[in-house]
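We just call them A, B, C and D in the order they show up, numbering each chain from 1.
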């Protein structure tokens, strides 16, 4: 049993601070670093990669639509060709920052609206996967289990990592309850920790209607934008370790713990 | 005797067309491609790299200050650390575009105000050279002969390429006559072609005050933003070949022609 | 019988030239000036307003989604509140440029994806109309006849101007044939001129299936981005005048010609 | 005796929060609102103007160089013409936001590097003053006492407001001690409050070398970016009122308190 814990990182910009990177970094194993399109700037990217290295955290690109003022959360009708170009550019920018820090990228996780649209839009998902494979075939593509993004990654010959959310409610079909619905976000940290353990050890999750479904994930996302996020991440990691789960970067060689 | 002919390329942006890339590409051997900070966007970068590949032209990064509306021509008081970060980011973005096209970057040539400031500012020049070396030690750094940029490249352990301008007047000390002075730009194409041959074959250039000085350059810059630029570039290349000069990318292995 | 001839103007940006403003300006009566979100910059805006003034052309704002690299042509899922804020900002920026030139804005015409989405999206249309009315109740809101934008303008208490396209084919219901369909754009300039006269004098247009429908418009849009656009605009204006149509800015006092 | 208390406001951007606007607003009388070039976005501008109105605080534009990632703190070699265009655009954008909120702008205070460069650069100062006067002759131009900005405002026929800094050390010639020097920023809040009262009531300030000089100011700047800023501003205001100073917006009619 092994599991990766990932968080979005490096979402500050210029004079603007966002997130709790320094507090979260000790608890995670993979950092998805903003690349300047929705957040991040070249200096923030450098600092974030350096921080990840200090903590032995693997680094991945967190590409987005070009929408700084909207934080990449707005859908945009970009063509697949445009999306592919955007993603190549952003992965490359971060890959150079990583190279300058003496490391390499492990993964790619699309951000915000781009990630969400690629759950169901196979054409968009293929664009993201093609871009990733074109830059570096060894990159691991993150996505929701059962999403078009995971399917696209497989079509592109990429290794993929399915992502679970311990603090989000699930429908019976394994999709997330939309944030607009009541109960979509689970705020009781005891429950969140317990769900993380269930996902990692038992490969199951309880759904919002009280049933239990199988859920296969290689990584769990830890949100960094809520008060108490760092403490929660720390507790999740400790509970996983207690449960005998090896908490390691998804790209780490098998057997490493 | 060998010489590289370089031009700035890929300076279109979104709906905006600039330059005569398709017309110039057959005459040059190295393309310095804008990376999105002063010009260029991810799609333009992809198209430009593809065009260069079709013509066997080597590709380099053309990083700039972040100033799209000013086309990177305005001096900015960025710190060396900021400049280093900007340059790493831009090289990386283009390197990924190149990788996706199945090629690699050959060189780095700073753009506009960044290039000009780095002629005399050793700290800034070091920032550019450090960024280049940090991303890829095999990249060749372009700069004016005798400039701080060339010295910085050498300090950083990089191969450098000294750049001449056949259509610009020179002072007796080997520096360019500022564009604000009369006679700074040579418009007679016969003279320009002849000066290119002198630079390549005889390693000399006539100065604005009528003397002749030694000038060692590995590459000559061809401007693409004037009417007739493509025809002039074609004539320069033909005249160089006629004079027995091997016109090849600066990074090509010795003996290739 | 009177008619306004409008064109999109001021869509250059920094070093980038776009359109044929100087050639078109003598033929039109209203210029919709880009405000920096999809095109235009503060200097281009000043030059465009000055050019319009020289030709007695009324000036309006041409607000857009914030999408420079996409030229405002991409749909974005911005909230109505965001759209209202974007439009207020852009109208204000151009209003100040106009004030500095000693003139005032006449109208507001949304650009690209924003204009097209507001044809059918009443909520978005209301956001644009509210923004316009909030800045200056005397501004005239442009929109397609029968569109939600015109309805929203009326709800907001604004004067509206319905816009026709002499070079676009119409469906029997008065909507434009989508550009993706064959025959959507009419390229025969004789036909285009004749359609402009029909619209202005007879208040009718021939549809793509050969019928003739009533079409009430106060302004006709002249495209500036095609070769020959200026000559076509000049011929349209001359033909209108020959047909006894008074070609004046839509905001001009009645009876002026 | 009357005095204005001003602060920079509305420097959040998109998802990024900066400053303590809601806490500071009760203590100040004039808010200089960022206009989107170094900070602020159309939504933040609207919220900031609304907040100012709730507190009876006068609103002014806080224009900057176009440098979001550098927060407008970097010098840029823009031409006076470009600066004039930038300032017109930004004043206009905020003026429309103000109009939509049912109010008008009171003043213009340049931001960051633009403000600092205009202390000594008469050409740049004239560009800012010309832009301000071109948009609205009733706007009050803020600047350091004795600076070129104040002189330029007078040349442009504008009313001006000289600005003091209670938390900054002064040289004997009335200029500010540069931030790079020790003692430049005064951190003892008791001293800061006392200096504010001296400036307002006695028209004097103690210099860093222990002498006392005359200093005529109409407004004092309260910084919002330090911990405790709101409490300090509140104490300054209370001390001024206790000292018999009428704390009112600089543009308020005489005699109002």
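Just so it is clear, a contact is a pair of C-beta atoms (placed from the backbone, for glycine too) under 8 Å apart; a residue touches a chain by one contact, two chains touch by 3 or more.
None of these values were measured; they are calculated from a predicted model.
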{"item": "Same vs different contact residues, chain B with chain C, by half of numbers used", "value": "same"}
{"item": "Reference interface C-D: repeating pair among A-D, A-C or A-B with over half of contacts shared", "value": "A-B"}
{"item": "Pair sharing more residue contacts (C-beta pairs) when B-D is set against A-B", "value": "A-B"}
{"item": "For chain B paired with chain D, centre-to-centre distance based on mean C-alpha positions, whole Å", "value": "44"}
{"item": "Chain centre separation in whole Å, for chain B relative to chain A (CA means)", "value": "39"}
{"item": "Set of chain B residues in contact with two or more other chains", "value": "41, 69-70, 82"}
{"item": "Chain B - residues contacting chain D, complex", "value": "66-67, 69-70, 74-78, 82, 113"}
{"item": "Contacting residues of chain A [partner chain B, same complex]", "value": "36, 41-43, 45-46, 81-82, 85-86, 88-97, 99-100, 131, 134-136"}
{"item": "List of chain A residues in touch with chain D within their complex", "value": "13-18, 39, 41, 68-71, 73"}
